[in-house]
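Both complexes below contain subunit A, partnered by subunit B and then by subunit C.
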Partner chain A sequence: MKRQFLGAAVLATAVLGFAFAADAKTLVFCSEGSPEGFNPQFFQAGTTFDASSRAIFNRLVEFERGGTSIQPGLAESWEVADDGLSYTFHLRKGVKFHGNATFTPTRDFNADDVVFSFERQWKTDHPYHAVTATTYQYFGDMGMPDLLKAVEKVDDMTVRFVLNAPEAPFLSNMGMDFASIMSAEQADALMKAGTPEQIDQTPVGTGPFMLVDYQKDAVIRYKANADYWEGKPAIDDLVFAITTDASVRYAKLKAGECHIMPYPNPADIKAMKADPTLTVMEQEGLNVGYLAFNTEKKPFDNKLVRQALNYAINKDAILKGVFQGAGQAAKNPIPPTIWSYNDDVKDYGYDPVKALQLLKEAGLQGGFETDIWAMPVQRPYNPNAQRMAELIQADWAAIGVKAKIVSFEWGEYLDRSKKGEHQTMLLGWTGDNGDPDNFLHVLLGCDAAKSGGNRARWCDKAFDDLVVAAKRTADVAARTDLYKKAQVVFKDEAPWVTVAHSVVFMPMRKEVTGYKMDPFGIHQFYGVDIQ
Partner chain B sequence: MTLAADIAVADPVPPAIGPWRETWLSFSENKGAVAALAVIVVVALVAVFADWVAPYSPIAQDRDAFLAPPFWAEGGSAKFLLGTDDVGRDMLSRLIHGARYSLLIGCIVITISLSVGVLLGLVAGYVRGMVEELIMRLMDIMLAIPALLLAIVIVAILGPSLTNAIIAVAITYLPHFTRMVRATVIAEMTKDYVTAARVSGARALRLMFVTVLPNCAAPLIVLATLNFSSAILDAAALGFLGLGAQPPTPEWGTMLAKAREFVQSAWWVVTFPGLAVLVTVLAFNLAGDGLRDALDPKLKR
Partner chain C sequence: MFRFLLTKLGGLVPTFVGVTLLTFAMIRLIPGDPIEVMAGERGINPERHARLMHEFGFDRPILEQYVFYIGDVFRGDLGKSLVTKKPVIDEFLLLFPATVELSIVAMVFAILVGLPVGVLAGVRRGRPADHTVMALSLAGYSMPIFWWGLLLIILFSVTLGWTPVSGRLDFIYFVQPVTGFMAIDTLLSDQEGSFLDALHHLVLPSIVLGTIPLAVIARMTRSAMLEVLSEDYVRTARAKGLSPFRVIGVHALRNALIPVVTVIGLQVGTLLAGAILTESIFSWPGIGKWLIDSIGRRDYPSVQGGILLVAIVIMLVNLAVDLMYGLINPRIRHAR
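Presenting the complex of A and B:
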């Protein structure tokens, strides 16, 4: 009797489950970690952007899904003044903000929301500036406080940004996560209620999904925004099942507990591809992994030495041993998927004889001692820096350069290298607005050499003039030309060994359709469906 | 002379055996300990003659053979008997050279902590009073912190390298030796032979080093042997945490740490260094146990 009853119960549950599945489509994403918070203005991690800006919010302009080109977002159209100093955005009408338990929007999205979102980050006397925190990291790193002259509300549906200097990547910057638009109406309501800090805990945006519930290190639940301006998402519920271990994510994916997972173990890819229930999407990442020479220190101030060490490295072995084939050798500091990539640049091949000869020319035929800093964590652009360092160490030993491998805790590593304590170091970069400026100026310009973001501490007048000129020019063809020239200068001066551009993998279950991999490494689920 | 001869005849004792032979006889009764000693001898020989025994250099990378499996596994070849690691270095050669580092670490750690510990213990046990309080309370403080944690702190201050790891482990072992020597010295000081030596005019240094110290030797040897294995283990642990030997040094703990991610895909990279540590440490522990049984008069039948 008991068993029969149990059987009936199981059957009933199964039927109910089916009925439920037919009614509401739930997509489960096994995410790799908890977001730092739900306000993207404060943070820089992709994990946070997945959970906040890409699900809940929109920006004035949006990147094309799965691409890097700019599309209208909350702004339907825009005009750029001839001098490049002002951008006028015409806002989209009828865009609705989310409602939640404490807030019901009474009006549609308008210019006040745009002004609020930027002034909160920009003006230190803004009532919301010091709520939650005062460091708006990305906003600051992008140089926005100095760049902006005014953010003006022209009328309810028009906003004008006035700049202090022309900035060609400005439009792309407006599509970045820190530029997400929040609700000014909610802010006012919360301020009146005396609980302004709630704005960052109960996020209200215009995006495709609304936040329902969040349990740290466990789960984030969203429901589809039925009034979304691009149309209601195909799925009804979106769940982030937070699973930090890559092998556990894989196990959950196999068991059907989640539909999509990011960042698989490179060693598991083969088994995933062989599994008939899974699809593994892959895409060349918008990234570069490099080794930077500290050009302020001897003997790396000598171009010949830098070139010699470039010639001495066997990149094929690195691609095979470190990337397990999931990457391609890099010759430029920008990946080939970015416009203005100069394919005519010739890479330093693997040529130890030439390397020895160059060292001799530099007066260092006996070799020398140095160090290689290797980061302690796995990054998309470098799955195993320690192993890469060991391979480079052996290559350099062959030409008499004895290198010691040094590593620190990740925060310490970034901090010390920013101060230039290293001689040579491994690092990399994933682009986040698709503009070459985001690599060439941010990583190799003279400004960055002063502030430390340029780990080679390399300030070359010829190179810097080219990339700054490109920043101040709006014409894409002219910029392309300038960036191509800059890449030639870079290669000859060799402040880096450009190691590789990696491939990013995205395993998912067969029933998931419409997923597009994002070149910026962001995961978004609008347009995704389950069959 | 005749008197002596008479006594010898009158009172026949079994032929006197030396203390070394006696120890060996009682040690060799323990089969496990003898086997362990054999293992130690083999490991020591391999370590000493590593340059001739190992088929390749431990740091030579074969770029065409990343993660080659051992010869009996599918895809393996006799070129690399135990396979290769993630950058194409021969596992066997690395293990053989690793034995050299592990034994060296054990020897140096024990030498440092034994000599310093004995000195401090002797002084504390002999002088007593304030000096003893000072030394022993310091040792208590060191004992209050878990050994590995203390070692990590020391390495963090000195910077990660094999030398610093050795120093760190040696410091953490000091209290064991100091406490043991002090306790034994205090016990011995009350004995008649010490009083006799003192009455016959022996000075402090002679009393400490010539009269008392040799009588503390037995427990010290046992403690040294047992700590030898712990020293290897602790140095391997530091290496595993990235605080000990730095690449490309083929230290077993470091090798193990680098191989973690291959637990599922290339078992040999993980298994062999682990086995090497296990076998060596086990051998020293078994031999130490046998030695304790042989040297402890209380356990003698």
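Presenting the complex of A and C:
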């Protein structure tokens, strides 16, 4: 019944003049999978965000196109209180919501929409909280329920967020997908009509594209939003042709059945670069693959041993053997696309002689036995952990350190390593909000050493003081300074071997212009044109 | 006839219970906790973990989970997808027509080519035609579907540009699902050219999906023909001076068809298994691709419900095959 309803709605929209005109500029994106749904509040996958939040919705603040710094979105400006406990957003005037066959907005975007979008996720007694599901995963994972004290409508165009503790990354959180702003007016109308669940099926946002139709697992169609507040998109229609196999995506790109494709096979990159009809863009992913030493266990409580094992690893061989060129050696725990990346830090080079010397200094000239945990799954920051572990095992064997490779099923792996059962382990991280805190405090702070997220179980006062201070101040320049210092401490203390950041490739046809790669790995098409 | 149907249907019950038990147990035997896997590197705090376990019912004893599950199944409720939060049955019904459409066309292709080729090989036993058919069918039978599909795409879609690479319809056509069968929906939509485009998109996937059944049918037809051709009544027919066409086409083929129909019925299972790979290559939005995605996302209700529904379909098709024997050979009408 629901489906027929949606079908009829879409058909009506099509008749009303949204039909695809033959001379319209249509951009086809061969997306890698189906979206889980169209309300980004429920999901965490980039595939879903491409299709929902980034096309259909806006947030109070937005990440700069192609970067991680924050710029105005639906909020034109904001102030942070001196104590860091409240954020006041001044909303943009004249922003229009999309309309569809069942809903025509009668008013512009205002503070009610902001309050609705957050209270639905936050307040368990909100009339919309349990509609569809109650798993507001990302909202919960980013600690929003504990962080928020109040979301207040000051006046129609002003909203104030009051926090329980100062938290500078809060502003970056406001640019994340779960913070997308939905229409409170649509919600009220649907509630009155007795079909509240339609809000998650017929999304209404303020973004550059309007959803026209989704045929499950096959194709998603969007129409440019002519009233978009940043100006109408250059293309008229946007189509996601869902194509799960990378070789087939490549075939479609070559045959001209799509303009852009994500996630090519690394083995195809060379041929793609040689193809005169294609352009291949590349960028480091917002991630880091690392090896963590369990600093609670001997001999890894000794800094010299950690440094020695750093010197013993040949990263170039790993980049070739494991990443097949789709990776870049990492020297800091944050990728270079994040602000405050400290390029002055010097990495431990590949130097087995130095490694042996340091082991000797530590009183371990005879070597020792240990383990390397390798995860059983492919991750963006590590396409083949088993292979990586083998290479590291061989490098360490050369300085007398005998390591046994250990692996568990993924859930088990995460759970056991959280409890600190490993001696050394491979893992990695993909950033959520582009804030350095999201790497440095979440993965290496003392709090995380207690909760287990810090797999090195490393709690260093000098480092922790820096990152905690950076969390408490909203001043970006001051924060940058603190994070740069923290990276120096980290490198010297060497709780990890920072192995690599993945390199992400985006092949597209030559006629596509204006595409910008996004460090979050999100694909967005505002600003893209076809020549 | 009625009693026959009843016994056959009764036989389905243990199969049904077996299938539910297997799918239910198998997906839970994979070690590791689904909530932990969903949370990934980020991890999840114990309190939220416990709440989600409870919400999904994973905190109950496994036997209790099964009993609840079976109870729901008999009420026609296969649960909601953990990922899309929509009822499993709705998702299945939405995607099933695409698989059926592809399977039917693949089967028609396999029969239209497989039967005549098999007859030819049987009649020309030991001659070059026979050897060629046997060799090709062996190759077809052993062909890895994934590789075969990519090979055809590279040749026909990329190099020659004769067929579309993947999908069910060019996006310039905007056809609303009515029946879910694209070939029918395009006809209903009166958009010029869309019907032909839908057929065009069916060509490669049905060849790929139909390859294994084609090989099996050809080989089965050949051996059944060989057997029948040495029968007395065929000699009699020939002696009566009937044309070779009539002897082979009517007298021999009709009797040779019984084992062939059985094999065709059994191929439905092969088709649905092959559909998983074929749909993944050709981005065909059917239940095969959906099941693969659901397994990858650990979407328990979808995997359980999907496999159960596929099993039901296979059971029903096998039942239909049993009933069809009677139509082909009156001697097997079910008076038993």
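By definition in this document, the second predicted complex is superposed on the first by the 455 of 531 C-alpha atoms of A that agree within 3 Å, B and C clash if a C-alpha of one lies under 4 Å from a C-alpha of the other, contacts with A are read in each partner's own complex, and residues count from 1 in each chain.
What we mean here is this: a contact is a pair of C-beta atoms (placed from the backbone, for glycine too) under 8 Å apart; a residue touches a chain by one contact, two chains touch by 3 or more.
Because the structure is a prediction, the values reported are computed rather than measured.
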item: First (subunit B), second (subunit C), both or neither touched by A:427; value: second
item: Most subunit A residues touched (candidates subunit B, subunit C); value: C
item: Touched partner set for A:478, first subunit B, second subunit C, both or neither; value: neither
item: Partner chain(s) touched by A:409 [first = subunit B, second = subunit C, both, neither]; value: second
item: First, second, both or neither for A:387, with subunit B first and subunit C second; value: first
item: Which superposed partner A:81 touches (first subunit B, second subunit C, both, neither); value: neither
item: Partner chain(s) touched by A:265 [first = subunit B, second = subunit C, both, neither]; value: first
item: Common ground on subunit A, meaning residues reached by subunit C in one complex and by subunit B in the other; value: 247
item: Interfacial residue positions of subunit B with respect to subunit A in the complex; value: 59, 61, 63, 66, 86-88, 242, 246-248, 258, 261-262, 264-265
item: Subunit A residues within the subunit B interface of the complex; value: 247, 265, 267, 314, 316-317, 320-321, 376, 384, 386-387, 389-391, 393-394, 397, 404-405, 407
item: Residues of subunit A touching subunit C in the complex; value: 2-3, 7, 10-11, 14, 19-20, 22, 26, 28, 33-34, 36-37, 42, 132-135, 137, 140-141, 200, 213, 215-219, 221, 239, 241-245, 247-248, 251-252, 254-255, 257, 379, 408-415, 418, 427-430, 432, 451-453
item: Subunit C residues touching subunit A - in the complex, by the definition given at the top; value: 30-34, 36-45, 48, 52, 55, 83-85, 90-91, 94-95, 150, 153-154, 157-158, 161, 164-168, 171-172, 174, 176-177, 280-283, 285-286, 289-290, 293
